[in-house]
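After this come two complexes, each holding chain A, first together with chain B and then together with chain C.
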Partner chain A sequence: MTDTPVVRRRQWLTDSRRTHLFAYALVVPVLLLIIGLIAYPFGFAIWVSFTDRVIGSVGNFVGLANFEYLSRNATFGAAISNTIFLVVVTDILKLGIGLGLALLVNQQLPGRGLFRSFLMLPWAMPAFVAFLTWRVLYQPVGGGLNLVLTQTGIYPHVIDWLGQRPTAMPSVILASVWRGFPFWFISILAALQSIPKELYEAARVDGANAWQRFWMVTAPGIRQVVLVTALLSSIWTANAFEHVWLLTQGGPSDATMVFPVLAYFGMQTQRIGEAAAVSVSMMPVLLVLLFAVTAVMQRDDER
Partner chain B sequence: MILGRVLSYLALGIAVLLILFPIYWMVITSLKLPREIYRVPSLWPKAFTLDNYHALLFDEGFLRPILNSLIVATTVTVVSVIFSAFAAYSMVRFRYRFRGLIGRLILFAYLTPGSLLFIPLSILMAQVGLSNSLQGLILVDLAFSVPLATWLLQGYFRSVPRELEEQGLIDGLSRMGALLRIVLPLSAPGIAAVSIFVFTGAWNELLFALVLVSSENQRTAPLALNYLITSDVLPWGPLMAGAVISSLPLMILYFVAQHFMVQGLTAGSVKG
Partner chain C sequence: MKTVHLRGFNRARRIVVSAVIISALMAGTSGFATGQDQPYSGTQLTYWGGLIFSEDANQLLSDTIAQWGEANGVQTEVVMINQNETVQRVSAAVESGTMPDALDLSLDLLMIMSRQNVFAPLDELYNRVGEAQGGWYGSIDLATDTTEVAGGRTGLPFGASGNLLLRRTDLLEAAGFDSAPATWEELVAQAEAVNAPPVSGLGLALSNVGDGNVQASVLQSFGGRIANDAGENVTIKSEETRTYLTWLKDAWDRGVFPPGNATWDGAGDNQVYLSGQTAFIANTGSVGIAARNDDPELYEFTAYSALPAGPTGTISPITPQVRAVSATSDNQQAAMALLEHLSQPEFLQEYYKLAIYGPVLQGQAGFEAFNGEDPIHAGLLDLVQKGTAPGYPDVYNSAYADFMANFIVPKMAQRVVIDGWDFDRAMDEAQAAGQAIYDKY
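Our next item is the complex of A and B:
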């Protein structure tokens, strides 16, 4: 009689069930964290963007009013075009520089390990340190860039790089590329090193010149990595806050205004509904990029 | 052939020079007297001084933010690695319903940028009474570091041979024992890389600190430096001293563990 409950429990908690429970128990804390602090806020942001919420008041549902307001707002328009411009130009430059340097380091050069270490340095620096340093470099007074240009005679006049419209955006781009190219460089280098040497030999035997070998062997070998890197880099650049915030805060007169900085300013003015609408208007493009990159990364991961 | 080699070295040399110059400028500015920063700027200062470091640490009280940053980054690293090791092990070793969905959710969460969520998260933190506290900042950092760590650790755990674990189970280890005694030690390089990435991420975090923290004694290092440049006088010397101090922990990690980091970077595509 007294044994019955034990027997029953054993039947219910079979080895396979026990293993399953264990497996779920291990993953549940992470799942709760993601649901509570990523998924729920994600949905909450969308809800808030349809309300006239301000600090201290929950606000009412106002439909698309915030988005209509933004569509008529010049700063918002500037943020859209600046963000797109910044992402496209930095991606192209990082690809060009990263690929070029990866091809150089991939040769049988003595000391290439040392070059690789140095080329990765900007990535090892904290982003805020990198952009604060560039802020100082660009200064008209005490800045290293003007000093080098005037002392070498390349350009005799001091330029207020971050303070005037024509140079502000290029300056932000230069600093972002400096900090961001190592990620491209090392990803492409790893892909180059995984291309079998025999493929190059075979192409050489077939009489392909260096240019043809690049397009027939190298390009297909790194295409996948470049795709993933471009998607990731676009997501991160479009949503980066530090570079613009620490260099220009979006100025002068919105010349470098981007989405995350505009959303932050919106929050500072305490009009939470509008600020959330700024973030939410990025979501459609972002979701497309996210779906694309998760699909590619999961496929790679399971291979 | 020789010409090609010379040109390669030339190009690489120029690239290294362009990379080192900003770092050089950061260090040299931090060691300059104000006169040589503002009035007679020079590429190589005539006099070196530690005044900027002294001013930063004692007049600006930079020790507190550095300590706060260390507390936040260390806590986030330890907690992330523990939770994500459990989750990654579960994802890699067991087959169960919704596993694919959970995997996708983790990857999605890792790639979701913080700039999209800082508004709702700051409201949320205020509601649970954790705004303006290091705990709140730690919690928010965890939301972004745990998915990253889980994603990366899955890759490392997958390379541990299943047979070793099965042998351990036959020898009487529990599943938990197999994870702690076999899988974790064999993934030590991966754990090291993931710890460094998570530490770096938390150490670098500025946006959430800006939104969540208001009182001076809760500021982290990036936040303290941020407020240094929003004041009226722009103290480039102390600012660059702060930049040097803030990059030291990461630079040391980079030179010690470069090999693991580069491997991890290319394995899991870590935020740059």
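Our next item is the complex of A and C:
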């Protein structure tokens, strides 16, 4: 009778269980960190978006009232279309520039290392410095771009780059692409360097021309990296605040209004329920993007 | 070189004189303090001061608080914060429970946050300070009354600002204009007369920043109203607003606004004026101070006047700056004692000379700063005595403050001049957006 508990204990704590418990014990700290730093703020933001919470008050559950309010707001509609347009166009341009430069720098060129470092400068520069510099360049009077255009006689009139609807969004896109293309460049370059040279030699032996070698060897080799880069870049661009804020503050009118700036305006008036609703509204789009990229990558892995 | 040396000497002299005066005061009060009990001895106070354009004024505030702390056995910590970041800092502090014991803030923020019981009531202190110095100016008294939203007064005014019209006399006199424009039409006419790119006539902001809200004053001077007399229903869609928009569109079409004014940040008009690119701006006077320090010639050629009038007169709102005590502070009495000390004439005499604020108490009108020698301070005194209360003729309540924080009027203006919307469509959007805000209160 006195041995029974010992026997039971031995039966419960088997080697397998001990291994599992040890594994769980190792995972727990990370799990707690994820819950504390990601899951809780994430869930809290979603909860707040369903409340009328303002700074200094707990707020009450108001259902979809914040989303209904936003849907009636013309600026919210502009923020949706502007954010999507900004993300898509900047990603395409960054892909084109990043891929082109990566293919160029991947060749055996003199001074290649220096050139690579030089291309990383926009990425290394603090965002606020970069965008404030662009703002100065765009100044109607005394701005670098207008000086170049007028002094060279290319265009004799001053252009209000940031102050009029037709040029405001292209100006923001240009500055964003300049700042963001190095990330694409370095990611694609790394992928290019991981493609075995033998594949290109075999393609040459088979008579493949340059385009065929790119399409049949290079493109599949960098596909996964491009997908991941596109995902990250899209999320960063969609959530970026400083490029629009420092250049146009969402204006003129709502020509460059994007989700983060709209959420910031909500915070300025202490209505964090509405501000959270703006941020939460963007989540479905990003989730669809996330699942699509993940699905494509999984399919690639299974092949 | 001589001028620079002299200016440096003046600044140093001001600081030294200020320090001597304050030290003398402290010596007097510290004698009192050591002779009596130090009721707040051993406590710690954190104070968030709002940075203003004058470094000397900022330093004087910090030094005065530190010296008060030493005299009273209170350990003080002064954190000077950029006033553009006050909303974010205070919001984060409220949510995280890390509010300072006392702070400087704008009336808008005080009005919005007082609804959440963020600040301690200051009625007794407010009355005591007012009675000791000839009473508060009526407009200040009315504007800072938070009784309706907080059950008492939560802000202690310490300075008033507002927009003056700054004009380039060299350009305007050359064009035959010797006096300030009396009406908005005259303003556009004068601006058009000197409009010669790269110099633009009329440097008013139309962007989504505080400066853009000057357009609300223009609208109101044309007879337009944000809301009804009860301050509950938005009435921005009106014939008066249409008249205002007609004036604006006409001025825009004449090309008198500087390029980029629809996306200026808070410093946009300052930079344009200081770089000589515009003949007029509406500004608190900080630009004049900057010109005095950095561009004496521009300072010489700058004149100050009240904002022009519309069909219903001049709307020139006063913007009081206030100090408040956090409701969560463990040292509220010590914080209130500090605020009372900072309201004493001995400190404010010196502070007003350096800061760009008008007086808030009747007794302060006799301070040296407001003797008329300095045109900026004279203009601010005039503004406090003749200007309109915040929001006037509208009711200044939390909904109005929220409405202004959402820049509904400059956005409406942008719809007309940037997007080319017709007046009805622009007014409809402003009406709906404004009513949605008012419905929350």
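In this text, the second predicted complex is superposed on the first by the 251 of 303 C-alpha atoms of A that agree within 3 Å, B and C clash if a C-alpha of one lies under 4 Å from a C-alpha of the other, contacts with A are read in each partner's own complex, and residues count from 1 in each chain.
In this section, a residue touches a chain if its C-beta (ideal position, glycine included) is under 8 Å from a C-beta of that chain, and two chains touch if they have at least 3 such contacts.
Because the structure is a prediction, the values reported are computed rather than measured.
Do chain B and chain C fit side by side on chain A in the superposed arrangement, or is it a clash?
Overlaying the two structures gives a clash between chain B and chain C.
Thinking of the overlay built on chain A, is A:267 touched by chain B (first), by chain C (second), by both, or by neither?
both
If we overlay the two complexes on their shared chain A, which of chain B and chain C does A:253 touch? Say first, second, both or neither.
A:253 sits against chain C, while chain B stays out of touch.
Considering only touches as defined above, state whether A:72 meets chain B (first), chain C (second), both or neither.
Second partner only.
Just checking: does A:139 make contact with chain B only, chain C only, both, or neither of them? Give me first, second, both or neither.
In the superposition, A:139 contacts both chain B and chain C.
Just to be sure I read the superposition right, which of the two partners does A:163 touch: chain B = first, chain C = second, or both, or neither?
second
Examine A:124 and indicate which partner it touches, taking first as chain B and second as chain C; both and neither are also allowed.
Touch partner of A:124: chain B, not chain C.
Answer with first, second, both or neither: which of chain B and chain C does A:230 touch in the superposed model?
neither
In the overlay, work out which of chain B or chain C sits against more residues of chain A.
The partner making contact with more of chain A's residues is B.
From the options 225-233, 243-251 or 261-269, pick the one stretch of chain B whose C-alpha atoms clash with chain C.
Among 225-233, 243-251 or 261-269, only one stretch of chain B overlaps chain C, namely 225-233.
Starting from the residues of chain A touching chain B, keep only those that also touch chain C in the other complex, and list them.
Shared contact residues on chain A (touching chain B in one complex, chain C in the other): 139, 141-142, 267, 272.
Across the complex, what residues on chain B touch chain A?
For chain B paired with chain A, touching residues are 5, 8-9, 11-12, 15-16, 18-23, 25-26, 29, 37-38, 41-43, 83-84, 86-87, 89-91, 93-94, 96, 102-109, 111-124, 139-140, 142-143, 146-147, 150, 154-155, 175-176, 200, 203-204, 206-207, 210-211, 222, 225-226, 229, 234, 236, 239-240, 243, 246-247, 250-251, 253-254, 258, 261-262, 265-266, 269, 271-272.
Tell me, which parts of chain A touch chain B in their complex?
Touching chain B from chain A are residues 19-20, 22-24, 26-27, 29-31, 33-34, 36-42, 44-45, 48, 97, 100-101, 104-105, 107, 109, 115, 117-130, 132-137, 139, 141-144, 147-148, 151, 178-180, 182-183, 186-187, 190, 228-229, 232-233, 235-236, 238-242, 245-246, 259-260, 263-264, 267, 272, 275-276, 279, 282-283, 286, 290, 293-294, 297-298, 301.
Can you list the residues on chain A that touch chain C in the complex?
My answer: residues 52, 54-57, 69, 72-75, 139-142, 158, 160, 162-165, 168, 247-255, 265, 267-272.
Once bound in the complex, which stretches of chain C touch chain A?
Counting only chain C, the residues touching chain A are 87-88, 90-91, 94-95, 112-113, 115-118, 197-198, 207-209, 258-263, 265, 275, 277, 402, 405-406, 411, 414-415, 418-419, 429, 432-433, 436, 440.
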